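The structures considered in this document are given below.
Each of the next two complexes has chain A plus one more chain, namely chain B in the first and chain C in the second.
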Partner chain A sequence: MLSREGRQGLTLISPPFLYALLLLAAPLAVVVTFSFWSQNYLDLDTTLTLKNYREVWTKPIYRVLILRSLNISMLVTVFTVLLAFPMAYFLSFRVKQNKALWLFLITIPFWTSYLLRIFLWKVILGYNGVLNSALMGAGFIDEPLTFIMYNVTAVVITLAHAWAPFAILPIFVALERIDRSLLEAAEDLGDGPVRRFFRVTLPLAMPGVLASTLLVFIPTVGDFVTPRLVGGKDGLMVANLIQVYFGKANNAPLATALAVSSMLIVTSISVIIFIVGRRIGGRTR
Partner chain B sequence: MSENAIIEIEDVSKSFGSVTALSGVDAIIREGEFFSLLGPSGCGKTTLLRLIAGFDEPTGGTVSIAGEPMAGKPANMRPTNMVFQSYAIFPHLSVGENVGYGLKKKKMSRQEIADEVTRALAMVDLAGYGDRAAHELSGGQRQRVALARALVMKPKVVLLDEPLSALDKKLREQMQIELRQLQKQIGITFILVTHDQEEALIMSDRIAVLFEGEIAQLDTPEALYRRPVNKRVASFIGVMNFMPATVTASSDTAMSVNIPSLGQVDLRADQLPEGLNPAAVDTIGVRPEMLTILFDESETAEREAPGEVTSASYCGDMTYYSVLLAQADEPVTISMRNTTGRSILTPGTQVRVGWGHESVVLFD
Partner chain C sequence: MNVTRFLSRNWLVSYAVVYMVLLYLPALLLPLFAFNSSTIIAFPLKGFTLEWFGVLIETKALHKAVQNSLIIALITSAISTLLGILGARAIVRFRFPLKRGIVGLIMVPLILPEIIVGVSLLVLLMQIGISLSIWTVIAGHVLICLPFSVAILSSAFQGLDPSLEEASMDLGETRFGTFRRVIFPLILPGIISSMLITFTISLDEFIIAFFLTGTDVTLPVYIWGQMRFPAKLPSIMALGTILLLLSIFLLVLGELFRRRSARRQGKSTSPTGGLV
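And then the complex of A and B:
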């Protein structure tokens, strides 16, 4: 039987454990279960089958959409992290006072809803949008640029903006944790600012970069609002299809099989990113 | 300036905003010496070290290393290497990579670097530790790695920022002696920052005592201890008994001083601090070990004064007595070695206190 401490421990963790069970494990279990059922017009056939998975893993449409989703998501991740690093660096190394205020300012994008921010980008990037009007007004271009709206570029820009704070904060925290005397030691041992950055600052900031990468990559693969609104027909992602199957197409089993498949792929890629990142961060030569 | 000066500090001052950390500091540090910057926290000793290292630029004055003015030269261009207070061991690199960090910049082959690293690690008694991860090291080992990392660069000057303050007492005492021996053996100039006067006395050839951004005294450990220039230096280094006194007569070669608690004494001019104004002298100082309690009738001293023991602190090898001298308001501290047959005196015991004129230091 359990010891007294054991029972105490269980009692202590039970509220968050139940919470996690109800809100994470249960829905996931439902999704996984659904993926092994099948849809027979209006009826749900609950005999276990691999039919949905067979379809997902063989038909080209799904492969195309999943690959495109991963592609867009990686582009977004690279852009977001590359833009976030200088911001986090500035915040950690250059801002001496009021760091809290700066952090607060970084959360400004969150003050409006996700949907509004996407519409904002529509206004900026659109055919008659702010950017095109400005560029035409200034005489840089004669007709509106079309490659910036309703395609992958627009999706990348919109998502990179939306996820910027999530990327900045982990890198900022990692940079803050670097003992400043390490940087002085590197300088003392002959490194100029650039060498010092690549030999000390960046390797030590890698855990933060890694966290940012995963934090942006994982959720953006599954995004369906942004591609729907600014992605046009080439910018559609796998989540858009899942949404269609859940909704109009009324095929929840296929939708869940698609979801579980994407989840497995994203998990594998995340694990690879994590391991590779750890290796780079752990030992730099 | 001086023939063998390695570092010349001329009228150096440093302010951070409205706070003055250093003002008008002059010092010459000689080649091959173990030099200490000693003072309480906030006296500017670390600031001065950082100015020499090149992490900060002075607000005024110049720092020259090996005859070359260092103004505008960042730390990576200076022939100095530092052992940081936190040791600043790179956590993502192995011990060997830490030690070889600065050599990568110099155009050396991998093999040459490896050889230098091995030699440096052996020098600090860490042979075979090259492949260890930084976090596997103890505090003392980290300190040695930091030292090896600085020495391997063959700098003209090694700067040590309170390198022993994080170690426990035993290890610290051992490292003080080892560091001193190592420095003498390799002959590189060491500049040590410390707030521990004992550490400075043990390790240094010369010590600069800093108070509030100014050098109060720059001297050998012995001179600092025996002839402190003012009361502050005297009480910062070791223990000093202060007693009121007045100068009754003075000439170019001698001075007569009346010390109510001890008696009248004649002092030669050469034992007085330079620039002392006889008229301003109001205090004398005597170190606790310069006073002796005369235990029996047969013991004698150059001078004697009566007193009464008020308390005794037994410390194993020594006993520290507080003795109220006949004509004094405050008791003095007297340290006595606990040799064979010498019992510990109880408070209230009447004693004769022996002293000599050479142990007296004058203060204005």
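And then the complex of A and C:
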């Protein structure tokens, strides 16, 4: 029998819970079912088949796209987290007042003009772009650089920029939680700043690093706008194909099989990252 | 002060400054090109013009998209904040069975790729036979806004002193009366903050809207369609500038309310807004 408190809590949470159940869990279940169906020109064939999965897991194009997406997302994650760490460190250890204001300023770009921000990277990295004209104006280069646009590099730069704010927050929170007296203790016991950082600060910040790694890695695999706008032919990702199959190519079952397969791979990698990360940072908990 | 320490301090500060400049660089380019008289979005700039803003006033299709987006954002923010109040209250105040699982499901859109949310809703709607409209976009937007509402409102509820409720009940108020006269006024800034932030998220959201929008396109979907035409780009920059200013205004307002909520409850503001 449920306690009074348990009943009240469940009653209160049931509207948002039912909403998530009906509009998230149920659709995901339908997607999985769908991936075992097949498309017969305009009709859906609802006999269960592994045809879509066979296609996804054997045809080279899918492997290429999935591997490239994972590769891009991992690069983005590594860059974003590495660059975010000093920023989070700065916020936690150097900023004394107005921490909230700094964090607010960092998160603003994350909320605004998603499409246009990506488009503007095209303007920055393009042939006549901001970067090229600046470098040429300064006399560093004679001809515009072309290797920075319409390829994987451009996708990585743009995505890393878009997700930067999201990576800072968990690391910042982990750093904030560090008991400052531990740092003093390390110093008193003879650790220099570098040693102290690697032996005390970094291990204690690992849960935050882990959280931001996953927070950036998982959503970026599914982006199709960035590759489409700045990726060129060689920078397309798996989500672009999913989008095409849903739209023009009209093969929803294959698209869902592709989506389910990608999510399974992403989830497995995330679990591995999580376990490895826990082991590294595990001693601190 | 010792020299290495001085250097390391300044290294971090300069790093932070460069980081912030890069973070804002694309956004800062928007107004630059919006007022630039050249039809090509590239440097060098040519001259000052207000022409592109004039184009916006004359474009009828744009007005319809703006109207759709505003309706969607308004309804989304109302529904997600309402559901967020219930969720946050339950999470902060009560222990109940399966709490972690239930909360996990509600918060998962925060990390799920948006294409998965969009595609799965689309497949479900196709199966049930519901045609796409602004309501299908709202359904998707509420899903991704709900975690933010829950996070913001949880921090508002966390600051609430339970003895205030007890006092109100002891003095003979009903449960509803207590909510209306004691709890609600105290979390009101949190509610407004949640509404403003979810409004901004919905207004700017593209991927889910792209899959779930019918003939009534939202503003980002409209912008996406126009991006194919180079001639339209300068006016899109003008539109982007207006949107950027509007979003910043709404976010600043939301932040002010969030801080007020914390102050009213006599605690220091959580700098991350309860998000993590």
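General remarks:
Everything below uses one rule, namely that the second predicted complex is superposed on the first by the 270 of 285 C-alpha atoms of A that agree within 3 Å, B and C clash if a C-alpha of one lies under 4 Å from a C-alpha of the other, contacts with A are read in each partner's own complex, and residues count from 1 in each chain.
One rule holds in what follows: contacts are C-beta pairs under 8 Å (C-beta built on N, C-alpha and C of every residue); 3 or more make two chains touch, one makes a residue touch a chain.
Predicted, not measured: the structure shown is a model, and the values here were computed from it.
Set against each other, chain B and chain C differ in how many residues of chain A they touch, and the higher count belongs to C. By the touch criterion stated above, A:Trp121 is placed in contact with chain C alone, chain B being left untouched. When the two complexes are overlaid on their common chain A, residue A:Glu55 makes contact with neither chain B nor chain C. Of the two partner chains placed by the overlay, only chain C lies in contact with A:Pro86; chain B stays clear of it.
In the overlay built on the shared chain, the residue A:Leu28 is in contact with chain C alone; chain B does not reach it. In the superposition on chain A, A:Lys99 makes contact with chain C only, while chain B stays out of contact range.
With the contact threshold set out at the top, not one residue of chain A is in contact with chain B in one structure and with chain C in the other.
For chain C in complex with chain A, the residues that touch the partner chain are 4-5, 8-9, 12-13, 15-16, 19-20, 22-27, 29-30, 33, 41-44, 83-84, 86-87, 89-91, 93-97, 99, 102-103, 105-106, 108-109, 111-117, 119-124, 126-127, 139-140, 142-143, 146, 150, 197, 200-201, 204-207, 211, 220, 223-224, 227, 236-237, 240, 243-244, 247-248, 251, 255, 259, 269, 271-273, 275-276.
Within the complex, the chain B residues that touch chain A are 53, 55, 74-76, 80-82, 84-86, 88, 90-93, 97, 101-102, 105-106, 149, 153. Against chain B, in their complex, chain A makes its touches with residues 179, 181-182, 184-192, 195, 199-200, 203-204, 281-285.
Listing the residues of chain A that touch chain C in their complex gives 2, 5-10, 12-13, 15-17, 19-21, 23-28, 30-31, 34, 83, 86-87, 89-91, 94, 99-100, 102-106, 108-109, 111-117, 119-121, 123-124, 126, 128-130, 133, 161, 164-165, 169-170, 172-173, 193, 211, 214-215, 218-225, 229, 239, 242-243, 246, 252, 255-256, 259, 263.
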